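First the structure, in the form of structure tokens, and then the observations on it.
Just so it is clear, A, B, C, D and E label the chains in written order, and each chain counts residues from 1 on its own.
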Amino acid sequence: MAIASLRDIVVTAGTFPLLAGVNLELEGATSYVVTGPNGVGKTSLLRLLAGLEAPTRGSGHVLNFDLATTQRRQVRRNVGWLGHEGSFYDDLSATDNLLFAARALRLDVALVAPALERVGLGGRLRTPVKLLSAGQRRRLGLAWLLVRRPQLWLLDEPYASLDDAGRDLMSDLINHATASGATVVLSSHDPVRRDVVASHIEMRGGRIERVG
Amino acid sequence: MKKLTALILGPVALVTTLITLWMGYFVTPADKVQGELARLVYIHPAQAWVALYLSFGTATLASALYLWPRTRSVTADRIAAAAVEVSTVFIALTLITGSIWGRPTWGVWWVWDARLTSTAVLGVLMLGYLALRRANDDPLLRARRSAVFAILTAINVPIVHFSVVWWKTLHQGATVFTDNRHLKIHGSMAWTLLLSFIALSLDFAWLVRARYRVGSVSAANESADLEAALEARRTEAGA
Amino acid sequence: MMRTAYLVALKDLRIELRSRVLLWQVLPFGLMALVLCGLAVGPDARQQSRIAPGLFYLVVTLVALLVINRSSQIESPRGTRTSLLTLGLDAGGVFLGKAAAMLVQLFATATALLFGTTVLLHVPVHAALVTLPIVLLATATLSAAGVLYGLVASSSSSSATLLPVLALPAFAPILIAGERSFSSLISAGSLSRWVLLLIFSLVAYGSIGVLLYGALEES
Amino acid sequence: MMRTAYLVALKDLRIELRSRVLLWQVLPFGLMALVLCGLAVGPDARQQSRIAPGLFYLVVTLVALLVINRSSQIESPRGTRTSLLTLGLDAGGVFLGKAAAMLVQLFATATALLFGTTVLLHVPVHAALVTLPIVLLATATLSAAGVLYGLVASSSSSSATLLPVLALPAFAPILIAGERSFSSLISAGSLSRWVLLLIFSLVAYGSIGVLLYGALEES
Amino acid sequence: MAIASLRDIVVTAGTFPLLAGVNLELEGATSYVVTGPNGVGKTSLLRLLAGLEAPTRGSGHVLNFDLATTQRRQVRRNVGWLGHEGSFYDDLSATDNLLFAARALRLDVALVAPALERVGLGGRLRTPVKLLSAGQRRRLGLAWLLVRRPQLWLLDEPYASLDDAGRDLMSDLINHATASGATVVLSSHDPVRRDVVASHIEMRGGRIERVG
């Protein structure tokens, strides 16, 4: 069964169409790379899939939840999101942030410490998130995905601002996720790394031009 | 039927308003105590009624309909917005006519009477609603937020009302104007008063309808624009 | 729902503990505002004692605005409200949790301010002590309303200025009720109806919050 | 310096025009605060007329806090204060420009509020008219001081709560001077010394701002 | 003459040393790439060079201005900075932002429109900056450098979130800048593109390990 399917979806911001009619089917246990020039709508597509934007027109399902209704909240709950800005509390430390989120979603709290260690934040456990460097913040997002183990991963330019070790880690995680049955959608400007096998979703002018 | 209503609503509202004004000015007598100023009775109470009950009730109802998933529609949102906008105008008019009326008796433009104060507070709530609408440009978000705010305001109305009434009655013995408010109403005056309520209610309906029409026309324009915008977006090279 | 509420409240209080905004910024502001109100009213002490309850609640209302602002800012790191959003937590629980955390902060500040009022504006100590439960009730109402208005106003780029417009009119009855009940302890007057009004408001905001917070968080 | 000031002021006013925060948010807030003060003081009208000047300036001070907050927020997109900083503009000019833009906004709001005060709190109209130049002076002082305190507060992540603590003590003398001079027009009292105090504060803040704004922007 | 020279500079945030003793000489008309793992202090180094951080210890000059004194303000004025977040007014449009900045620094206002066109923002001239996409915001920063023509360019991960055309443009601009005598310092996690010739500055633990 398709893990997500979008039909003729238009998303507008004010009067401007961020997405201008998107059709898409995502299979389980696969990774997808969304590509396209700047401003084409990659971030908007990922936000739509995460249940963070409501469609103005068209219909769509993600993980069997209807995007057009209040089920969008359920989508958010079940999706792993890694964005540009990071969605953490600036004043709390990395550990506190993950502990709060894990407890709130009734996940295994014991996973937090190893996850932080794994992404290389072992030396910054008590530093408030606002003081972390760009790459460290991205790594914290990664750690959250490790704790979260979502069924659908949505990664907006995950490789940006990561160093080489971080990129390898990221690729590992993506491969691991698809191997264990999850679906990964990432946007990227870099040519996809050879170590990640993925279908391409090419966007142009707020629409999807080609999948394959 | 709908068409007919649309056609005659404006003219009927206009004519009843004109008749009210004519009767208020020329047919009914001036008051012995208050003189010509008493003629405000044919406009002020009706304004207050429209502002506080009719339009606010409409806005609350429409907002509740919007929040209820089964009845959610753009129409409800638009009607709520139109009703609040019109209501703001009527509240302003109520305050203005009331002040003009009160000035000779009180010697000042404003007293901290319960009814006056609660009207003012409600007026600010309406301004808040409009500010909230302006501050969001995403239509869904705006509709949701302003509907919730309207509901919050609705539960506030009785709270504001009672608090202000009690606040007043505790400290103040004799109210200045309870006597003055007791206008002797008879004959043509009673009819004119009744007519004024009908006339202003019709005016309200007319204005809301007009505002609603403006809203839906610009929304229609927007969706026509949306087609054009979609076309433009699709052919964009990307930047 | 209760679990979410508990976790969210704990998290908000922990952030507060880390940043110490309450102790170093909100409380001094409250005291300053109290002094300023005293100055604005003029130096006649007898008059001050009479309007002390009003000034106290005026300042509590202003403090509440600050705390609300801060509490809703926490949820929007860098302008994008995605933290609790992406978790998709139980909305009623989030509402209760944030309100509880706000209540703790507001009540603590209000107690300190009440003490300040007795000293600065010559209120009898016993009146201040007796009114403390009502202060708790009033701050609870302010918190429940505050979380709602905070969310309604948030995410607009100018939420810091929008919030006061939306919230102040709604706070007016709470202010009156608090002031009247406090005054009734100093001079005379009926107390019970004001307490009832506060209870009614608290219940109203509380239930609306639990029901509608989710609808607000959407989109 | 003047050129920089002109450009900065124009930019700030343009941003204000785009967002219309003043008209839709700050002004209604001011009016509501005025009503709230009326409520807090109690229903006795005679008393109100006497403390009207104080309440007016209290509300103007609160409004000033909002406007200052907004004005310093503009300079820190996404929390990092780098915009004017990285341009390295003439600091004195930036200070004057921001103060001028703030003065325009504050004075416009204060004038509207003054009108509100005459109506709601029964101030004689002639007194209000005569006091208008002093209101201009007071808002100018508030603006000059406000830009400075806004900058000091903006470095902290919780600037919205820090600002009031820093600024209120400094605003107290301005509030007193305004209130006293306004009162002296209604009842009796000396006017000139308060005007002198205001002029002195304005000159002091103005020159400190022009000289030290750069040093403050550092760090 | 060296365009910048740092001697034993320590920069602290609270008690934490962002930079732990940095020595560096930058020549004119050259480009430098700062590399190193996440959190090593690349951003901090660039901020120091931009006059945005004050040294706690040590001494340094940038463009002949002393970093330890109030001359730091002069540094800021003469340096071109392109950061993660972009330093523009969110509520103003791209054009208004550049016009304001150009007027304030008495630059040629006529350069604004062509610069925006060149970076590909011709279709977004009136959009408030806060609504631009990540890459478009980066491009706006580029446009500002085109108007600004500074002597020292400081670019923090300039290639991140740019598409291929944008990267080519960026490389072009960097080469052009060094050719016309300016110095460019950029931080990057990507292996530096072959089309840009640059010396490497390798960082490790808040210090510079190797230049060359």
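To be clear about the criterion, a contact is a pair of C-beta atoms (placed from the backbone, for glycine too) under 8 Å apart; a residue touches a chain by one contact, two chains touch by 3 or more.
Source: prediction; values computed, not measured.
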| item | value |
| --- | --- |
| Comparison of A-C and A-B by number of C-beta pairs in contact, larger one | A-C |
| Farthest-lying chain, centroid of Cα atoms versus that of subunit E | B |
| Interchain centroid distance [CA atoms averaged], subunit A/subunit B, Å | 47 |
| Gap in Å, rounded to a whole number, between the CA centres of subunit E and subunit D | 37 |
| Between subunit B and subunit E, centroid-to-centroid distance (C-alpha), Å | 56 |
| Where subunit C and subunit E are represented by their mean Cα positions, the distance between them in whole Å | 45 |
| For subunit E, residues that touch 2 or more chains besides their own | 90-91, 120, 124, 130, 136, 139, 163 |
| Two or more partner chains touched - positions in subunit C | 19, 78-79, 157-158, 162, 165, 168-169, 172, 176, 215, 218-219 |
| Two or more partner chains touched - positions in subunit B | 121, 124, 127-128, 131, 135, 138, 140, 167, 236, 238-239 |
| Contacting residues of subunit B [partner subunit A, same complex] | 69, 137-138, 140, 222, 225-226, 229-230, 233-239 |
| Touching residues (chain side subunit D, partner subunit E) in the complex | 4, 7-8, 11, 14-15, 18-19, 74, 77-78, 80, 82-83, 85-89, 91, 214-215, 217-219 |
| In the complex with subunit B, residue positions of subunit C that touch it | 145, 148-149, 152-153, 155-158, 162, 165-166, 168-170, 172-173, 176-177, 180, 189-190, 193-194, 197, 200-201, 204-205, 208, 212, 215-216, 218-219 |
| Subunit D contact footprint on subunit B (complex, rising order) | 99, 108-112, 117, 120-121, 124, 127-128, 130-131, 134-135, 167-168, 171-172 |
| Sites on subunit E touched by subunit D in the complex | 50-52, 54, 70, 72-79, 81, 83, 85-92, 96, 100-101, 103-105, 128-130 |
